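Down below are the structures I want you to see.
Same chain, two partners: subunit A is paired with subunit B first, then with subunit C.
Moving on, here comes the complex of A and B:
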């Protein structure tokens, strides 16, 4: 046995982690639904192998760590940020005005800052600098991660769901249902995505703020989701408009792709067999067809997660979406561009954060495509299987 | 040939409902969704109620929805759509800005084709080499980079540091044939204007193209490799044709899917125009749309979005038709 082979035979730490997670998960499901483990053993094994293969792809691991890092920031960022997203530090120290990275500011005892805003007296280092109000850029980028990821999660939870469902129905039913859905899809695809998003997010805020005024609990729930202060409820309408706009933009692509996949999947013998023994349509769609086309959809979902973050940043860079004082990567660049190139950090760091977060998703998506593609999959799979 | 005719007929028949749907959606966005536009146009909360009433009557906002829709369609066709904010005709305002966007997208498209396709072929021929990996990285970075960030980075290098580019004005020659300086100067062989246009537009176009170059290169690479492993290549080898002849055949086959994606890319370029034009200070349609939104000028928004969608739909129609003519296999 050569040393290279032995390396392949070894289980990596990550593989053990996968085993631990999945074994416990299947065990838990088995508790709730007895017999599940035995029935789905092959499927779980298959899934494990996919994850092992992903563990052997360096770009995939890099992407995974980038994405986990940013998800962590989005979760805890607002709590670990040194300052609030709207704290104008110029009130404490005039040096905070457009402070370059690394500026040290002093908060004096008994000053307005410590008395009214409750900032402890002492010296603070603004590691990434500050903007024209003296708001700490590092804190704002941490808050911005929350904004980006909440938007992305909300968009990806609804848009593709609509698209996939319509695609399943359209492809399976065929006939006039198919024709109608596809013609409607054509209309939405006739617009370049960003243009449609721009149009919707420009006109929606009026209506959205009416709705938010009508349902205060909805508004306060959204506020806490974005980690915003209650007094900034007025800034919410534009942000919510962007989410709705992106729902509208993000479904047609999925409808088209899924329809195409269903058209070829429904010709399979197992679908015919299911139909012959009288399995209901929804069951055929969701239990027989969907699991078999899930691989490619998963790749698109991963890539689009990054895509939503990028488009959202682009929209807020155009002045749509997040409005001040909400911290948003695109918006920070939009406001900071006024002082470019003098205050380069206001453009550079938020953009870099966006780039890294989106790159993470694209790296994962790219590796997933290799892992899930039957053509490249075999090569990786056999190497993984050999270690048993 | 009857196959081709049937395909063209079918394609044309789906084109018409799409265009009608597009006008309907645009109308819905800009006329139905905004909450009380007349009040905004009259000056907001403190507006004089009489003025608001007048505006409503003038723009038929007090009429039923379907009547408003036909009013909108009639105005679009007869060039009677007037902006409530600038009081100019919307089509004329947009028409003045269209050449800028067309030049930007045309140059961008040239960059994509002339860099992306050779790069893709190179990375297919040298599969799994350093070049192949660099192209993969380029494609990944291309779809991950915020356009505005790259734009400011390059402005910092080429404008602030090197002073190679200018960020003000757009060259307009004294003559006009098509209305697009880039094309006019080529027709007239006016190299002075041509050079000016290129100097102003090369960097914005490159920024706009950047996201697509890597993607197209990857696509060309995969498509080229697919074609290389198909049966006809074996046949060519068996016949003993020269490898140059072989690659001509492979390239022809590999280009078929690329053409469709290039059509879609055009949409991406139009969509990217607002951001690029904003950063580089180009007075194009995208920039104008964003300004219109700032002033609640929903009629200009309507016109601009409709214009972009119509350009995009038409480009894709032409792509599909040329696709069917080039490749008999796609006629269904």
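Moving on, here comes the complex of A and C:
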């Protein structure tokens, strides 16, 4: 895109923000690796256009803000929570038992609470209420964001990777390799994913806890990832089992989709051109085919991120995954259901948190689909240009 | 090697007197299976027993209508697809026996330029990446990659402002130049040009053809020039071969084939070339043929051209004519010559 053409865009505040960020970033990279800017100018320009297009999609922006908020909470939530996720405030104030939102509790000087648990004496407002142990719901939701986020990231880091790799191989190789991979995939797809995940997360914990016992550094690393107290190391096995179970069930969809896309992408003449040059197979797959089908995959990844959060909450709701007193949105709903509708906040707020997080990813996914699809994207660009 | 095939190879070698062949193709076959619900229903005989040689530093034009198998021949010679039968010698070596390192070495020496420049460049790679990729893949270290690529770009008529752009920012002609630069990157000896100008405007066509001639002279390249445009082939080729339904019906020096076509199909093809002068056009004798080319799934017995041939004899439907030398280095597969 030449510079005269770019002037036609009416830039919004957000576009200027994008410019500022990317210009500084490219400048910084250019400092470290001289010549990078010249070589990648066209690439940066394309990326900017993508972001401009995203800036013009209100649902996308809403999704982006929801997701950024969720990620922010997941990262800093455990540090800003007023109480620990397992602090039974009933020990401080009997009013904390199933306290409705806005209840004020008092921690007295010299009480068990302040002496043993180190809570500063004074008045506290439980803005979202508390559960039957008097655990602060607001704090638990903040911690719960961390749990969901870590599970989702770990699942999405491995599951789709397996799926995409198998799909690439299957689609490009064809023949008996393709048949074998696809029949195995069929077996997994034929079985309902959630049922399979339930089965695996019910069976795996024993073995997982053995492994965690064998490698204490691994256990403590996982512990800090989930922001859990050291005494809750026993709860890890269940969480990790859920992650592994989701790895097992989360790849077949990707294999299917990617295989289909590879089947059409490999017929491109530039793939044949690459073969004529002598480009090795793995390089054709990862340099020529993958970048050209990445758009749709990215959309699926974003949508699935929300999907994993939902399924993880669902598994916890069924009593698998997080065990008390771990803070987990699904688990909080499950435990609170007993007191519904009297203590409606125990179900409503974690449910709302789940809804907003999943909604955010879905909205981003949808607008990414528009932005990354060359056809609709050009339309968005034209709309931008027409504004002048 | 059996006596029979060595004799066949000898005859291909001697196809064009006074020339040193770089590529020799012997009885090359490619059948594509047509699958039914369960069983293979039959085969499309895209290339069915083709033999020819391409002399060093010369251009062999390969013409034929759509579906005659000319593109398939180009791909077979570069081993982009595997033949059903036959053999291909490149510089005396059988390339069908190559694999791994040997095949990679062959790829350095033989390159291809595709028909559609809009499809043959990866839209996610910059011009630099596209042109430099061959060197990267073959592990060839050059002191300054940027300068090396730039030199190639200058050669094909592009400049430094094009270096880090994406293919979609270029016109068809410019893209074809990029594709030629990519093919030149490894300093090949042989290039297959698969209708390199058929997707371009006439004015751009001429530029690209001249560019190709220029680089051929400069680097002593051997070309296999595939086209359905007879005018272009005449301009480009030293020798030409005419294909019909997977067979070569006539092959020889371009001038001789054009001035004195021997095969009825070639005659018909040549008389289909429009002549700009109406006076001449009115007076020339035209040979027209009726009907469509038959399905390659079930080609006619004997001579494949016989159902459409104006000179049809009884023998034509029974026995397939071999290539017969009608004059020195000029061969035609027709019973009329016997």
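Everything below uses one rule, namely that the second predicted complex is superposed on the first by the 356 of 388 C-alpha atoms of A that agree within 3 Å, B and C clash if a C-alpha of one lies under 4 Å from a C-alpha of the other, contacts with A are read in each partner's own complex, and residues count from 1 in each chain.
One rule holds in what follows: a residue touches a chain if its C-beta (ideal position, glycine included) is under 8 Å from a C-beta of that chain, and two chains touch if they have at least 3 such contacts.
Quantities reported herein were computed from a predicted structural model and do not represent experimental measurements.
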Classify the contacts of A:283 with the two partner chains as first (subunit B alone), second (subunit C alone), both, or neither. second
When the two structures are overlaid on chain A, which partner does A:299 contact: first (subunit B), second (subunit C), both, or neither? neither
Name the chain, either subunit B or subunit C, that contacts more residues of subunit A. B
One more residue to check, A:206. First (subunit B), second (subunit C), both or neither? first
Could you tell me if A:364 is touching subunit B, subunit C, both of them or neither one (first, second, both, neither)? neither
Going by the contact rule set out at the top, does A:269 touch subunit B (first), subunit C (second), both, or neither? second
Looking at the overlay, what does A:183 touch: subunit B (first), subunit C (second), both, or neither? first
Thinking of the overlay built on chain A, is A:341 touched by subunit B (first), by subunit C (second), by both, or by neither? first
For A:291, using the defined touch cut-off, is the partner it touches subunit B, subunit C, both, or neither? Pick first, second, both or neither. second
Touching residues of subunit A toward subunit C in the complex: what are they? 1, 38-43, 46, 268-270, 272-280, 283, 287-288, 291-292
Subunit A contact footprint on subunit C (complex, rising order): 75, 78, 80, 103-104, 107-108, 111-112, 114, 116, 119-126, 128, 133-134, 137-138, 164-166, 169, 179, 182, 186
Footprint of subunit A on subunit B - complex, ascending: 14, 17-19, 21-22, 24-26, 29-30, 33-36, 140-141, 143-149, 152-153, 155-156, 160, 267-268, 270-272, 274-275, 278-279, 289-290, 293-294, 298, 301, 305, 308-309, 312-313
Okay, in this complex, where on subunit A does subunit B touch? 183-184, 186-188, 190-196, 198-200, 202-204, 206-207, 210, 303, 306-307, 310, 313-314, 317-320, 329-330, 333, 337, 340-341, 344, 347-348, 351-352, 354-355, 358-359, 362-363, 366
